[in-house]
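Here chain A shows up in two complexes: once beside chain B, once beside chain C.
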Partner chain A sequence: MVSYISGSEVKTEPNLLFDKSDSSAVHSQAYWGLRKFGPYDKDVLKKINLAIITPSSKLEDVRRLIQDLNNGTPIMPGGMPRFFRCHIDVVDELTIESTTLPEYQHVAQDFVNGFDPKEIDVVLAYIPKSSRYFTNTPYYRLKAILATHGFPSQMITENTFTNLKWSYLNLASAIFSKAGGVPWVLESEMKNTDILIGISASNLVSKKVGQSSSPRYVGYVNVFDSYGKWMFFEGTAKPYSKENRLEQFSELLNRALSKFKSEKGYYPQGIVIHYYKKWGKTERNYVLKILDDLLDEYNVCFVSIDDSHPFRLFDMSTPDGSFPRGSYVFLSENEILLSTTGYAEIGSKRMGTPKLLRIRAIQHPEAFITLDEIAEQVLALTKLNWATATPIVREPVTLLFSREIAYLTAAVSEQEWESLNKSEVNVVLNKKPWFI
Partner chain B sequence: MMGLDSISERKILQIIDRDITTNLPEEGERDPLGYSIYAYFMIKNSIERPYTSWLVDWINSWIEKTFTEGFGRFLDRNVTALLFGYYTLATANRLKTKVDIEELIENHLPNYVYKNLFFGSLTHSIIILLSLAGMNVEIKKFENVLGSIIEGLRKGTLVNDPKNAVFAALLFEKLDLSKELRMLVESVSDKFESDDVFFDEKIYLSWVLWKYKSELRAKMPEITGHIKRYIENFLMSIGREEGDHEAISELYGGENNENRYSRILIGTALDLLVMIKKDRIIEIIPQFGEVTRALQDLGWDQVRSELEKAVRSFEESKYSDACNNLRLSFIMFLIKLYELFTGKEAPTEKGKTPNIKDILKPLKSEGLEPEEKGIITSTWSYLSEKAHIEKRGTEPLPDDVILGFRLTTSIMDFLMKKFLAQKGS
Partner chain C sequence: MEKKGYLLATQGEGDNAVCIIKRYEDFSEITVSAGSVFPEPRAELLQTLLGAIGEEFDIIELQRKFSFLDSKTSSRDRLLKTLEIVERLESEVFPLKFGDFEVKIDKTPIVVR
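This part shows the complex of A and B:
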C-alpha cells in the first residue's frame, strides 16, 4: 500500500547582506557577496593583529599562508583587503620544536602571560590533526588556555595545507569574525522573530583537569538577532550538578534577554529557541515561568532540531535523485523533515544522501509563526556559519555553534569555564565567536 | 582603448531606470537610503527622467509614512534615510510632506548616539551630519560625532569603507573644514594608487579625487588620466561576470551578476560621470564653472538647473534641446535681475514669449549701455532661433551650441559682475 505525505519548499534561497549601511549589497552566496561587496562590517577593522604558534618546521608554510591571505589567490583575488577590507599584521611568532601536548601547553601559557588580549586579535596555531572525540589534545587544550585568557584562536593543521586553495576563504572569514568583524547577515528579517536563541544545557565539564569528584555541568546560549546575526555568547557562571539543571535555564535566559535589551533597546516579543534535543514539558514550563516573570507580552516557539531519525527522502525529478535543498515534508502538524543539503542551483558539489533535519515546534501562548516560516528560518540559518563560505551547509548555525562549544566544554576544567565567564574575559570574548 | 566620448552616464541611467521601474515600491521599503541617494544625485544634476518625479513622490510618501507609523526596528537605516531624503527634497524645493523634522533632530537624534557615533556606525553618522549641515541645523550638540568621524579619518578606518569618503568630503566641504577635506583627499589619493582597493569601489575614490582635484596640485594631470582610464574600464565591466574557472562555480555557484549593484555606488558613479562631462564643457567654456557656482550662491537654482540641462542635452547630441535649455536659462536669469532691481514680478504672460526689451528696462536705468543691450537681445534671438528646429528644419551644429554656451555664460558673468557687485549681493 502506498501512503502519501504532503510537503512544500522554501521558494528562494535566502539572500545575504554584505554592508551594514548599504541595503543593496546583497547576494545569495557568501563567496560572491564578499568578493563583490566586502564584509558587512567595513569600518570596524583595518588590520588584524595576529600571533602565530607553530612548530618551527612549519613556520615558513604559515608565513606563506598569511602572505597569500593578504595578497590574494586565484580563488580569493585581492585577498583579505578585498574580501574583508582589512589585512593581517603578524605581531609575534612563537615556535616549538615538537608537537607534544605539554609543549603546546607550555607555549600557550608563556603567550598568555606575555600578552594583553587588547594587543592581539587572534592567535593562529598550527597543530597536529586529532580526532574531535579526544579532548586532551593540542586543539582543545590550546583553545581552552587561550580563550580563558581572552584570546580567540584559529587552528590549522596539515589538512589545511593539503587543500589550501579552498581553505583560504574559510580561514579568512573565521579570522575576521574572531577578530570582531561581522562577515555577513541575512538580507531580510526573519518574520515575527526578534530573537533566536540556541540553547544548550547539561554539558559535562572535563574531569581530567578539574578538581571536582562528582560530575559538573555547564549550559550556554548563543543569541542571534532577527537578521540571524550572532550577537553574543552567554554561559552559566559556574558549573553545576545535574539536579540544578533547570535553574541554569533561568540564569541563561535572564542574562540573554537583559543583554539583548541593552544592545537593541527593547525586550524581544517574538522569541524562537532552538534546542538540539526534544523539548520536555518540564523544560518548557520552566522557560515559560522565566519569560512570564521578565516580559509583559511575548510569544515563544520551542524548536527541536535533530537528525537522529531513520528517514531518508529522494526526488527522482532532480538530476541526482536527492531531495532538494529547501524542500520539506510534514510528519505531523508541528513536525517536518527538511532537506538542507540536497540538490540546489547554488553550489552543486555535494556528497552522499542528504541527512534530513527533523524539526518540531511548539508555540506559546499562541502560534505566531507557521511551520513553513520555521523551515525558512532554519534554512536561512544554515547560511550563517562564518567559518565557511560554502553555500550548502547542513545544520543551522544555532546548533552548529552549540555543538562547537559542547566539544570544547568537554575539554575545559571547572576553573577554566569560570574564567571564561569572568567579566574581564567575557567583555573581550562575548562579541567574538571564538569557539567556531 | 575607448575614447573619452565613451564616458557616458547612459549605461548607469539604464540601471537606475530599471531598478526604479521594476523594484521601487517593494525594494524601497528595504533600502530607502539607496533610493534617496539616487534622488540626491539626480536632482543635483538636474536629471529629469520619466520616473524622477515618481521617485520623488515615493520618497515624500515614505517620509510621511515613516513619521506616522514610526521607525520600527530599523532605526539606523530609517532615520538616516529619512534625514537624507528630507534634506535632498527640501533643498530642491520638492518636499511635499509636512513632518516635524525638528522634533526628530532635537529630541530623538541625541538618543541614537552610541560610542560617539549615530547607531555606532561611521557611514550613518557621516550621512546624518551631512543632512543636518545641509539643512543648516546647528550641529554643535553632535560635536562628539563629528570628532569621531575626524578620528576615523586620522586612523584610516573612514576610508576603509570607500563610500564614506564621498559623504565625508561633502560634509567637510559644507562645514568649511578645509584641513580635514585636504587630509581626506590625500588619503583617498594614496588609497587610489594602492592595490588594496576593490575595483568597483574605486568609483567612490575617483569621485572624491575628481571633485576635489584642485587639492591634488602636481599630481592632478596624472590622477585625472588614471580616473578616466578606470572609468572606461568600469563602464565596460558593467553587466559582465568575472571570468573564473569552473571550479569556483562548482563549489560556490555562479556569480549571478544580474542587478547586483550597490545603489550608493551607482548613484555616485552617475554623479562622477556627469562631473567629468561638465569638465569637458568647462574646458571649452571657461566661464561655465564660475557662473554655475555664482548662481548656486545666489540660490537661482532654476537658472543653474537649465544651464546644467543644456550640458546634458549637448552631451546627448540633442543640440536644439541644448539651445532651448540655454534660452530658458538666459531669460530666467534676466527675469531674476528684473525682480531684484524692481522688487516686482517680471512682465511675463504664461504661454507667451517674454518681451526681452521690457525685461531689460530696469537694467537700462541702472546703467546698461545700448551696445551691451544689443548683444543681449542678439543672443536671445540667436538662442531662440537655434532652439526652434521646426522653423529651421535642421538641428543646430555642435559649434552653434558651443557659441550659445559662450554667449550665455559670458553675458551672465558680465551682468553679475556689473550689476550684482554694485548692488552688493
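This part shows the complex of A and C:
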C-alpha cells in the first residue's frame, strides 16, 4: 500500500543584494554579484591593513597571494579593487623558522604585544594543515591568542595553494568581512521578522590553562537583521557550571536585544531564534520571561534545526536522483524536512545525498510566520556565509557560525574566553565575524 | 555494560596498554584495559590514528565509496541500494514475531505529493 506525505518548495532561489544604495544590484550567486556590482558596503573600507605570520620558506608564496588578490586573477578579474572596492596593504611580516606549535604561540604573543588592534584589520597566518577535531594546534591556538587581544585572523594552509584558483574569492571575502565590511545581504526582507538570533549554550570550555576542577561552559548568540545581515556576536561574560545554563539564556538575550535596540533605535517585535537542539519547555519559558520583562508587544518563533534524524528523500525526476534544493516535506503541522544541497540550477557540485535539515517551529503568543516562510528563511540563510562564495551551502548561517565558535571554545581556556568578552576587546571584535 | 566517554590518553603497550577515559556521565576519569575500549571517532581521526601506527589505508576514500559520494548519481544509487536491502530484509528477516505481536516491513517508499 502506498502512503503519502505532503511537500512543497521555495519557488525561487533567494537573491542577494550587492549595494546598499542600489536596490537593483541583485544576483542569486555571490560570485557573479560581487563581480558585477562589488560589495554591499562600498565606502566603509578603502584599505585593509594586513599583518602576515608565516614560515620564512612560504613568505614568497604568501606575498604572491596578496599580490594576486590586489591585482586580480582569471577567476577574480580586477581583484579586490573590483570585487570589494578596496585593496590590501601589508603592514608587517613576521616569519618563523619551523611550524611547531610553540613557535607559532611565541610569534603570536610577540605580535599582540607589539601591535594595537586599531592598526591591523586582519592577521593572515600560514599554518600546517590539521584536523579541526584536534584543538591543540597552530590553527586554534593562534586564533585564540589573536582574538583574545582583538585581532581577527585568517588562516591559510598548503591546501589553499593547491586549489588556489577558487581559493582567492573565498579568502578575499573572508578578509573583507573580518575587516568589518559587509559583502552581501538578502535582497528581500524576511517576512514579519525584525531580528534573527542564532543561540548556542553549554559549550565546554577547555581546562588546559583553567583553574577550576569542574567542567565549565560558555554560551553565545549571533544576531542578524531582517535582511540576514550579521550584526554582532555576544558571548556570556564568564564560563559557568552546567546547572546555571538557563540563567545564561537570560544574560545573552538581554544583551542581544538591548544592543539591537541601540543599533536600530527600536526593540524587535518579530523575533526568530534558531537553536541546533530541540527547544525544551523550560528553555522556552526562560526566554519568554525575558521577553515579557523587556518588551511590551512581541511574537517569537522558537526554531530547532538539526540533521540527526534517519530520514532521506529522493526525487527520481532529477538528473542525480536527489531531492531538489529548496524542496521540503511536512512531517507535522510544525515540522518539516528541508533539502538545501539537492539538485539546483545554480550549482552542479556533487555533494552526495542531501542531508536534510529537520526544522521544528513553536510560536508564541500566536503564529506570525508560516512553515513555508520559515523554510524560505532557512534556505536564504544558507547563502549568507561570508567566508565562501560557493553557490550551495548546506546549513543556515545561524548554525554554521555557532558551530565555528563551538570548535573554538573547545580550544580556548576560561581566561581566554573572559578576555574575548572584555569591553576593550569586545568593542573591536563584536562587529567583525572573527570566528569564520 | 557499554559506557561512553572521552579518550584522554593511552599508556603502555600490548596487553598492558590502558586507556584513561573521562566519562560523559559524571566527568570522572577511569583507567581501563585498552582492549575493552572501542573508539568511535570521525573518519578523519581514524585516518590520523592509522597514520600514527604506520598503516597505509585511505579510510576517507572507503567512506566516500560506500556513501556513493564519487558517483554522479549518488542519490539515485543510494535509493536503489536501499530498496535492494529492504527487499532482502522483507524476504529474509521480516516479519518479526514477538509472541502474538508481529512487525512487517513495507517495501514501498512513502511518496511525496
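Quick note on the criterion: the second predicted complex is superposed on the first by the 436 of 436 C-alpha atoms of A that agree within 3 Å, B and C clash if a C-alpha of one lies under 4 Å from a C-alpha of the other, contacts with A are read in each partner's own complex, and residues count from 1 in each chain.
Keep this in mind: a residue touches a chain if its C-beta (ideal position, glycine included) is under 8 Å from a C-beta of that chain, and two chains touch if they have at least 3 such contacts.
Worth saying up front: this structure is predicted, and the values here are computed from it rather than measured.
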Report task. Please work out whether A:31 is in contact with chain B alone, chain C alone, both, or neither, and reply first, second, both or neither. Result -> first
**Report entry** Touched partner set for A:78, first chain B, second chain C, both or neither
**Finding:** first
Query raised in the report: Of chain B and chain C, which one contacts the greater number of residues in chain A?
Result: B
Requested in this report: Return first, second, both or neither, reflecting whether A:104 touches chain B, chain C, both chains, or no partner chain.
Outcome: neither
Report task. Considering only the touch criterion stated at the top, classify A:316 as touching first (chain B), second (chain C), both, or neither. Result -> second
Requested in this report: Classify the contacts of A:7 with the two partner chains as first (chain B alone), second (chain C alone), both, or neither.
Outcome: second
Report summary line: The chain A residues in contact with chain B across the complex are 19-32, 35-38, 42-44, 46, 74-75, 78, 81-82, 85-87, 166, 187-189, 194, 226, 264-266, 345-349, 389-391
Query raised in the report: Inside the complex, what are the residues of chain A that reach chain C?
Result: 1-7, 131, 133-134, 214-215, 312-316, 318-323, 329, 342, 350, 352-354
**Report entry** Contact footprint of chain A on chain C as seen in their complex
**Finding:** 27, 41-42, 44-45, 48, 67-69, 71-79, 82, 106, 108-113
Query raised in the report: So in the complex, which bits of chain B are touching chain A?
Result: 30-31, 33-34, 73, 75-77, 80, 121-124, 127, 152, 155-158, 160-161, 163-164, 195-198, 200-201, 242, 245, 247-248, 250-253, 255-256, 260-264
